[in-house]
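These are the structures, in structure tokens.
One chain, chain A, links the two complexes that follow: it is found with chain B in the first and with chain C in the second.
Entry: the complex of A and B
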């Protein structure tokens, strides 16, 4: 589980989600760019950072709408070809975000969707990571989410270490090859 | 407001390579602290003379300000913590004296932290009578070839004395040669 000081967890919780307020809130007008008074009206729909939406949702002050990264269009893209979906630029925290969002929103299918996406992308990622060299960064790496990238790096570096181990200089003493004294058969 | 600036501080830190630090961003740090003070002021004005139990609009507004302060605190703590971790690693990877480029990236209290950390490690090593910072990678060979860079003179190593004149080559035990190498008086001779 990510800790208090985990920076990637903190940055992940900064992702914006769209919420609908069930209650009003005074003194926080800056959250809603459309409001004239210094408060948010009941029923307003605003984008909040996930850390705020998460806490408010737990106290039933807002309800979170499922963001587009888990919506129908995304599901179609994954169905077509999971490995080509560009998670690196669009949703780098795809999996962590989904795991945290899933209990708050009433949609049970998100969990299965995450697993399905990961399983389909894993096959290609595994084969590419074992063949990639240390210096070249294949274009496909840019499409990986942060968590997938860590797995990719782990596999790549362990493959490089394995190759180094295979050709290592053992430092054994080389013995001179004692040739067989052949008795020439003269007759 | 609402921890956006604090998240930018952390973005700056995470975009650096592993083991490197960006320069200490004192301005942004102070801005985040001022934002916390602003949230606190708003919180106080919403809470004043109100009944804590009723869940009305003021309650939710004050709750949002409270959460923002907690979030800013978490971001600032993580910023300091990550920087402290990297500073600790400098003692093991770089050494007791930091080069100018690294020192410029630390603020005053971070430099003090580095000095204190070095002091703690040194007193621990003195108690153990063991230098923990040599041989971070297990060496293949207990002996190495060295070339002497500046005149050292006669040194007694173990049971025999060696005359370390400038530009001479020797085949010494690694533990004997390491203190001279780290001071820059010798270098390892690699074919």
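Entry: the complex of A and C
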């Protein structure tokens, strides 16, 4: 599990979540751009970075509202076609964020939703990642979240390395091996 | 190498797996006379011309490169045997046929260095390629059935190089699935730490825990 020093964890915790304050807070008016005095009112709705929201939530000073990436629209998108949902550009830390958010928010269905999304996307990813070549980056790679990208990278690099090993020292004999690659179908 | 930031998943490069494979014993027929070699890994008897003897693969390849022997193909590398194996692979969609653990590496080394010693070398080469492809497709289709319930995956009779190929991917996938399931299940031992070549797969399993 990623820990204190993991860079992707740190980056992930920078995502903004919308929170509602339960208590008034003095001296932190910086957080709320709309306030005149240097304090936050009780019941104000503010966007905070996740690491701050997490701590305050533990002390029960705020309550976190579910961000849009886990909302109804996303669920509909995933149900339509999980593999096409563009996690890479919009929410690269989709899964990690969800896992961290899950214990803090009242909605228990997030966990299942994450798993469901992952399972569906995984099937699509499986075959493509193994057969992708070194240079061509298939477009769907841009749609993967960071975590999925690591999986993809692991599969692809081990495949590429194996191929390099196979044709190493062959020189002119390279074509004999490459020519035998054909699709085999299992009955 | 398949470098990754997660240091708990260490992997072998293909060259390292080949190095390990070179310890397999193979039969050669020397054509020179030489005294016994007393090496750390064993003693290899005095070499007399035309008398076959068994040596490790690395030694066989070294002698072959210097033209001092000819390598006798192992039994499993004959065209008949390989054709049988290929037919059997194509027939059973979920099982792998028993093949020597390092067949990929051994066949590659022999085909590279000793292709004049192998009868029908092109046939053998293409058969081995086909076998490899069919097995790899089976591995992939098996991986598709991993769901959240899979705690470990068993792939019987998979060879060293094939295992090495899927190891990083599979370990990470199992880790990812485990992570997504943890709020819903009781804490359990982390399965992704297993790096043995034989691991357990039973697809959808009966749950042992009360839900």
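Following the convention adopted for this analysis, the second predicted complex is superposed on the first by the 164 of 187 C-alpha atoms of A that agree within 3 Å, B and C clash if a C-alpha of one lies under 4 Å from a C-alpha of the other, contacts with A are read in each partner's own complex, and residues count from 1 in each chain.
By our rule, contacts are C-beta pairs under 8 Å (C-beta built on N, C-alpha and C of every residue); 3 or more make two chains touch, one makes a residue touch a chain.
Bear in mind that the values here come from a model prediction, so they are computed numbers and not experimental data.
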Task: Considering only the touch criterion stated at the top, classify A:90 as touching first (chain B), second (chain C), both, or neither.
output: neither
Task: Give one of first, second, both or neither to describe whether A:39 is in contact with chain B, with chain C, with both, or with none.
output: first
- prompt: Which of the two partners, first being chain B and second being chain C, lies in contact with A:165: first, second, both, or neither?
  reply: second
- request: Would you sort A:61 into first (chain B), second (chain C), both or neither based on which partner it touches?
  value: first
Of chain B and chain C, the chain that contacts the larger number of chain A residues: C
- prompt: Which holds for A:52: it touches chain B only (first), chain C only (second), both, or neither?
  reply: first
- request: Determine, under the contact definition given at the top, whether A:122 touches first (chain B), second (chain C), both, or neither.
  value: second
- request: Check chain A for residues that touch chain B in one structure and chain C in the other, and list them.
  value: 8
- request: Write out the stretch or stretches of chain A touching chain C in their complex.
  value: 1, 8, 95, 99, 102-103, 111-112, 114-115, 118-119, 122-123, 126-127, 129-130, 147, 150-151, 153-155, 157-159, 161-162, 164-166, 169-170, 176-177, 180-182, 184, 186-187
- request: Spell out the part of chain B that touches chain A in their complex, as residue ranges.
  value: 1-4, 7, 10-11, 13-14, 42, 45-46, 55, 57-58, 60-65, 67-68, 71, 74-75, 77-78, 81-82, 140
- request: In the complex, go through chain A and note every residue touching chain B.
  value: 4-8, 10-11, 14, 23-28, 30-31, 39, 49, 51-52, 55-56, 59, 61, 171
Field: chain C - residues contacting chain A, complex
entry: 1-6, 11, 13-15, 18, 90-91, 93, 108, 112, 122, 125-126, 129-130, 133-134, 137-138, 140-141, 143-144, 146-148, 161, 164-169, 172-173, 176-177, 179-181, 183-184
